[in-house]
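You will see two complexes here that share subunit A, one where it goes with subunit B and one where it goes with subunit C.
Let's turn to the complex of A and B:
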């Protein structure tokens, strides 16, 4: 049993070392920028996975919280001159609070009604972004958002920013893993499996659903903040329904029944796919749509289930050998 | 008088929201599905109309019928290719498949037609008629009339055998099947009718607004908002909801600000969902 754990740990260490070496080996700035965006997408999608995959609640409007995080982060650093390292947790707290406030009335709704409510909310937020010109800059958005710095060391360079994104995504994966394997996480899963049964077992389902929602908005906010300081320019166009769809498709392709590795791998595939399809520029988004249709038809259970199958077969075998 | 003018203007857009809301509610009523590609059905209908009427110079009444038929057929085709295998899965799977179809059609249409909005020729004259101080535009009245006729025909049609079969299938697929109702053809017909409604709404909207590949999302939400306002799944409710949304939107844009016009429908939808998710006439069904 020990050896199995060691092997998993070793595998994780190898992946982390490879990720840290990546910018040293790959010199192309573009190919370093994409993993940064991938990491940001994964962070937002993991939050959505806590909500959809593990708690069974829907959201069609996470672009709103992603956008709120990005705008709050840009405004805090540029207007109030706060350092990025303070703003990042601040944005997290702010988004968590917004999630609690919005979640309370919205999560009384279920399924379709919940999707529509979150969708309506996201469109309203986007409208505020484009119309509240004094704060958000309207449709022209906010540009030259400063890069994070430590003393005189600036993270403006893609190579350096990459490390912030990678460290954050590793941290978030670990935190998510801890949440899911805690009492709270098991409560989330109980709600997903059967809300009525959970409630009759004494679970305050409203409280936990709102908590899952707030966690997902917190993640979206962190992702938004990382996004704003990475691309350095934000406008309402970056936070449309399309963005919500990208996060949602990562979660569902990863596996509707929540799976952290599934979400991560789906995040990598669906963030890299548009870049690899860039050769077909005109048909790029079209192919993206096609990929989603095909995956839903061919493997509706998502990548998560396949990973589970592979990992049980590999680790089980090794486990048996180890005990022998 | 201003208020009356706004109400009259609102009725025209409202009548198109009625068609959209009917399409949304019909699909929900029969199959408990929300189609996130519905805005694209609308957009395709508008382009079909543009090609038939403006490019091929086919008379408008025939364009109208052809657009409905073509939109319906496209809907049926998509159902067969993308959705048919997914009914027995979790509803989220089908929902994402409709999202995929939406992305696919929108970007496909953009690749073909470009992003520049295209003008649709006036069909029935834009010279205003004065009725006291009230300004009436013949074209808008015509659109309102056509939308009403379609809504009424649909209501009558649904009172017949098909409507009964559809309701029976919605209640219990197995029981309906045992009673000799063909579930597959009922499902296909529902998709066809819903798509035809969306397409014809797109065609009728074209003379008032531009034809653009990007209208999908905002139109989709208007259709949802109208359906939610009337009670999603409730067909008479969809008629009231659509007209009411059109009027509210127009009055709001007039008295508050036209930049917030789109926001009014989002706000109405959110408010109704918060206060009374069942809408004005519907029942709140937690199933899906």
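Let's turn to the complex of A and C:
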């Protein structure tokens, strides 16, 4: 067993080292920007994956919470002058609380009705973003969002900000792994497998569904905050149904049945794709959709299943001993 | 008296599924609930386990009124059930299925389980010990790490019963546990149910298989059209003319 764990750990360390060396090797600003945005998308998508992939619920308004995180972060740093390092966790907590409050009534609904309710909420948030001019700047949005600083050291530079994003996404991936492999994660999965049976077995399904929802909004908030200080300009146009669908696509392509590595890789593919397809200008959106269609046809259960297959054969496990 | 149904009535609009039903179940009993299809047996289960709200009447668990409580709360109060068409968690192992059943007994909070506190580790260890005991008791050790979707029907039945036992309940309600089992599996089931009772559980069984009912029940309640038409031990019930009529129809004297 030790040999197996060591192999996996080694692979993970190699990947981390490569990621940390990346900006030193690659100097092009554009090519630093894409991984940064990818990391941010992955954080948001992982949150959504906890809700959809592992707990079997639905949210079609994920971009709204992403946006709340972005706006809250911009306002806290600019209007209240709080340092980014304090604001980031603060926004996470704020979004978690919002998720708990909104989740309770919304998650009483199931299936189509749940989807519509999340959609409706997203529209409401859009409305607030565009109409509450004094706070959000309305359609003009908020610009000149400050970069994080440590003393006189500023992270305004793409190269430096990249490290914040990478460290955060590595941290979030680790935390998500811990959540899913805990008793709580086990309970989420049971609810996905058969909510009625879970309730009949003594699981307070409402409590856990709301918790999963709040976790997803927390992640979205953190991703939103990282986004705001990276692109330095946000407006209601950045947080529409389009963005919700992109997050949804990453989760579905990554693995409907929930898969952390699947979601990460899907996030990479679907964040790099639009940039790589820019050369095709007019056909960019169409080809992006085509990418998703092709992947879903070739691997209907998502990338996650393929990864599981590959990792089982690389790290040949003789027994199927449950780890935790 | 472990469980009391007092004048329980359930109406779905104009349709009265259960009508003024009163049943008492004693501790340590294996109590059978039988009746033709549509007589209200599964409705009674759903009323006791909290999935349906009572139209009138009450359900008391050792004197405590549990009517109207949410299903997961009723499980923690001490009543667990199985389903007619088996509802396991297909992509989870047998062991994990049982671990979920024990969920209601957990003390530590969600945050604790995520950051893996020592108190949580200890609780988890005890949990696994207990579920291991149940797995051993049911003699399904070789299936412990198999996915629930990957085992035979008869074993799935036992796993579902194990999941119910994992909640440390006082009363186990089995909804047609013999359905779909072959004769060998049925015999194993009968012996298992007796073993469960001998281990301190009280059992309420809904069944159509008369051999099973007659073979294990101490007391049998017969329903028809949502009402109790007879109650008694095996001998009393099998010779009761109303029961025979309910199942077989009235003998046509002009035949």
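Couple of notes before you dig in:
In the analysis below, the second predicted complex is superposed on the first by the 316 of 324 C-alpha atoms of A that agree within 3 Å, B and C clash if a C-alpha of one lies under 4 Å from a C-alpha of the other, contacts with A are read in each partner's own complex, and residues count from 1 in each chain.
The definition used in the following text is that contacts are C-beta pairs under 8 Å (C-beta built on N, C-alpha and C of every residue); 3 or more make two chains touch, one makes a residue touch a chain.
Keep in mind that this is a model prediction, so the values were computed, not measured.
Contact with neither subunit B nor subunit C is seen for A:159 once the two complexes are overlaid on the shared chain. After overlaying the two complexes on the shared chain, residue contacts for A:123 are found with subunit B alone; subunit C is out of touch.
When subunit B and subunit C are set side by side, the one touching more residues of subunit A is B.
Of the two partner chains placed by superposition, only subunit C is touched by A:197; subunit B is not. Of the two partner chains placed around the shared chain by superposition, subunit B is the only one that A:249 touches, whereas subunit C remains out of contact. Touch criterion met: A:115 reaches subunit B, while subunit C stays clear of it. In the superposition on chain A, A:187 makes contact with subunit C only, not with subunit B. Taken in their complex, subunit A has these residues touching subunit C: 175, 178-179, 182-184, 186-187, 189-190, 193-194, 196-205, 211, 257, 320-322.
Contact residues on subunit C toward subunit A in their complex (touch as defined above): 49, 51, 70-72, 75-76, 80-81, 83, 87-93, 95-96, 99-106, 110, 113-116, 120, 124, 145, 163-164, 167. Every residue of subunit B that touches subunit A in the complex is listed here, in rising order: 28, 32, 34, 82, 85-86, 89-97, 99-108, 111, 217, 221, 224-225, 228, 232, 259-260, 262-263, 266-267, 269-270, 273-274, 277, 284, 286-288. Residue ranges of subunit A in contact with subunit B, taken from their complex: 52, 58, 105-106, 109-113, 115-117, 119-121, 123-124, 127, 131, 240-242, 245, 248-249, 252, 256, 282-286, 288-293, 296-297, 300.
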